[in-house]
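Structures follow.
Here chain A shows up in two complexes: once beside chain B, once beside chain C.
Moving on to the complex of A and B:
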């Protein structure tokens, strides 16, 4: 059952064009507003790396739980995780923009602020980049290892590779949980260096996982529209929906828990973060965030009919793509650019990153058989029905 | 449904449906000697608890070790601990059902029974802690002649009351309705007339027609949907008892999910304790196989890692916040203070010792699994101690700092609930089929590799 994804010239052209738009908007951004450009850069960088992390987690979870249904699609999360090496380079480029976005990098500010002095053993530029390097190193090593085992299984078969993958997956999810927690603190929470919330890492993690699930489903749907994954049926779609649905509920739960407890405690050092996001355009985004990431998926994906149909899932996924952008904009902008500005610069940078990500996913998918061979649960996946 | 060859068997020994019923129902017909002995012991503990409750009510809360700073003491520790244990049943039934984990069928009945008893045990603590338990109905919000005096709807203690009573109601109904077909099986096979009449009464005249099964499934579906929400909401709300305050160590946003995960952790550990006991005492090895225990152990490692991450997150954030009070609470009070033993007991038994489950050799040795499950239960008790006591014993006013130690009355109260739990579980072993027969049969059909019908690949 050799099924190979072929990268069409059209796909290549589009992704190159998008990347071009991205580079142009990034370069032009420095002429208009350097601060905003770096904020944009951080947002999109985080956006796509959280998708890769979420996809890697999705893949690992399938091994650990010995899920049968998803065996057929495992190349998709693998391809998304192939984005790590490029993301690592992109994050290192951020070195040049640190002063524009992170308040704690300004030595004169830190000198007059005892809280920032207290945090300086953690929040300082060398250690920040040491962490970035370590995180990406482990993510790249682990995802490459799993990918290698998966490709070897295609050729040799047997239970050996599956069992090894299961073991690595167990180690990987622990590494992801630990590293991505600190990563989200570094990249997002430290934008407002006085503020802290213990649930922030969990919240960021589930946001990444939810959106990664929806992108996995989106890629699968798009591939099946183009004639791949012929064995895919509605039960598979239903299972993808369940992942999105579950993560969306957890997302809503975490956001509610954080907001409610801070609102109830009403301590200025904690409420300050929400106070900045409680007027003007940000207040609109506050509600848009909840509606896009929780309200719509929760209501739209609940009925059996909508949760099993591509036609219904597709628009919800598109809204979730906007939802993740909204959430990150809502987190990053009030702490960096302060004013809610949105224009061609934002759209262009996003398109650039989206093009790059699609290019990585597309070319990686084309490198191996789209449907894995010799996976012990492949038959279960093909005959999946409930 | 299609099963790969690599999946293990859920039921060992190629049993027929009749055989499954007979083997699971066997304990209902004859009672072993140890059962009477164990029941007597549990009644003794229960009696001791009753005496402690009598002292509490007749003399007052003053007989407890609580003081002005630590006003909550063992009662709230035990309340949270029991509620946590009471999470496993529904978590098992619902979450594993949603995840299509078929191995749950051998364990869910026991887990649900345990849930109901544990929630009963838990509810006693706040009730007696009110001081005047005969006025407990004041907590019901209804138009009354006392003013009217309404409850404080902003108080998490009231939310607690609502959440727990709803949870008790739903989990008890879920458990009971699941048993109806099994009661009918007992009715149909029982020889004594009394037994036939009693189980016949409880089975609601179940005949097993397809219409009845249809309604049964619809009911389970609806109740399951409600219970799934409640599993999360109950312990989230219990956590708000602490987290909405501005007490250092309590006011932290991670609390709701952290409590829920902890609750499922302790619940699963208690399930493990229970099913290993069942295996040992009633020879249920064919139904609760090594791979069932193995699966629970794997879940426990996973949760244990989450617990470890949560503990370290809390410690890291206490430092990161730069708040003097938070730092004092964690670094001087919890990690290295008067209650350092309790902190490290919690950390080691919840985050470190369960890591032994990584080794297959440990997971396959029942006595080791049993011991670790007990250690987790104790560790989770220490977690609640750590939360409840350390924060209140050192509040913002150093003049009112006071250490806390329980009196025999509080200990007796706790022992009493342990006795109650034990008695409940023993009665469950004795009178109720401890494995859901009808559900087990539903998976038995597909338990042979490739025995399910092979559906055409693209049928839709």
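Moving on to the complex of A and C:
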């Protein structure tokens, strides 16, 4: 079952052009409005890392549950996880913008703030970057290990690689759950260092997982439109939809539970975050967030017909891509930029990162056979039907 | 009972589906097929379409609207009462009740709908074709009238894949 993805020149050109747009946007942004540009940098960085983490998690649970249906597509989450090394570098570059983004890095503010002094053993720049390095080291090592086993399986075959992958995946999901929770607390929750929410990490994780699922489905759909994955049928699409649907409901549940408990408890330390986001454009975003990430997927992907067709899935996935952006914008902007500004800078930087991510995924997909060769569940995946 | 019916008993899904398709190819439709879990080929092959999912959706929709409406009426319009400094229309706290009560409504209403459509009621005498049907065996019930002259063919098809009882 040799099927190779060839990176067409057109694809390369588009990704280079997008990356060019991104570089130009960042360059202009740093000249005119450095603070807002750093906020953009954080948002896009986090956006695509959450996709990579979600994809790695998706790949891992396919091994753990010994799922047959997804064996054919496992190169796609693997390719998305190949974004980790680049993301690590990009996150380390954030060192230069720490003061523009995080309030707790300002010495003078911390001196007059008892709570921030109390939190400073955890929230300080050296330890922050030590954590970033540790998280990315673990993610890169684990995803490379799984990728290596997967490629060796192609060459040699046999059950050994599958069993090993399953074992590593079991370790990996615990690592992901723990590290990504701390990571989201570092990157997003510490933007408002006085505020805390215990559900925040869980919500961020499930948001990343949901959007990673939709991006995996999107890549598979785009590849099949270009003549790859010929054995893909509507049952596979249905399974992808079920993942998106499930994660969307869990996300909606978490999002509501977080809001409802804080609203009901009415403790000033907790409500301040939402009060700050309850006027002007942010109030619109609060509802847009719920509608895009829960309302539309919930209603649109419920019927059997829409959950099995590319035509229906495609627009929902596009809306979900906007949905993840909306959520992060809603979290990041009120505490960094303080104004709901949206313009060419936001679009340009997002396109730049999207181009980079697509380029990484495309080149990684081209490096190995698109359909794994000796996977024990490959036959089941090809004949998947329900 | 077995005077009027032929029972095909199968060990697994694959053999059942094989036999089912062959029998269908002869233009004969079994009266009923019993399996431990739903088998999509059989469901489609028997020409049965279920609309219970749509019914459940609309029960849920109307239950959610009704319960929200009731809570709003009770807490805001009919008997406004301040609890813990919350506004009369404390919408987020209504949602929890709505979710839970909607699930209950869907479950009960769907159960009643199914029972009514399948003509099941308490105290009804069960029609059991085979004592291990829906347990661990796949059982196909074919009426002898529909077979007419093909009885031998059908029996051989069933024997190929399972057994006749």
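Quick note on the criterion: the second predicted complex is superposed on the first by the 386 of 386 C-alpha atoms of A that agree within 3 Å, B and C clash if a C-alpha of one lies under 4 Å from a C-alpha of the other, contacts with A are read in each partner's own complex, and residues count from 1 in each chain.
Operating definition for what follows: contacts are C-beta pairs under 8 Å (C-beta built on N, C-alpha and C of every residue); 3 or more make two chains touch, one makes a residue touch a chain.
Everything quoted here is computed from the prediction, not taken from an experiment.
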| item | value |
| --- | --- |
| Superposed partners chain B and chain C on chain A - clash or fit | clash |
| Which superposed partner A:338 touches (first chain B, second chain C, both, neither) | neither |
| Chain B versus chain C as contact partner of A:379, first or second or both or neither | first |
| Chain B versus chain C as contact partner of A:12, first or second or both or neither | neither |
| Broader residue contact with chain A after superposition on the shared chain, chain B or chain C | B |
| Touched partner set for A:265, first chain B, second chain C, both or neither | first |
| Which superposed partner A:302 touches (first chain B, second chain C, both, neither) | second |
| First, second, both or neither for A:181, with chain B first and chain C second | first |
| First, second, both or neither for A:106, with chain B first and chain C second | neither |
| First, second, both or neither for A:4, with chain B first and chain C second | neither |
| Selected from 6-14, 96-104, 132-140 or 204-212: the stretch of chain B that, after superposition, runs into chain C | 204-212 |
| On chain A, the residue positions that both chain B and chain C contact, one per complex | 260, 264, 266, 385-386 |
| Chain A - residues contacting chain B, complex | 64-66, 68, 114-115, 118-119, 122, 159, 170, 174, 177-178, 181, 185, 196-202, 230-234, 242, 253-254, 257-258, 260-262, 264-267, 269, 376-377, 379-380, 382-386 |
| Of all residues in chain B, those that touch chain A in their complex | 1-4, 6-7, 98-100, 232, 236, 240, 243-246, 251-257, 298, 301-302, 305-306, 309, 313-314, 317, 320-323, 454-455, 457-460 |
| Chain A - residues contacting chain C, complex | 256, 259-260, 263-264, 266, 302, 304, 385-386 |
| Residues of chain C that touch chain A when the two form their complex | 40, 53, 57, 84-86, 92-93, 95-96 |
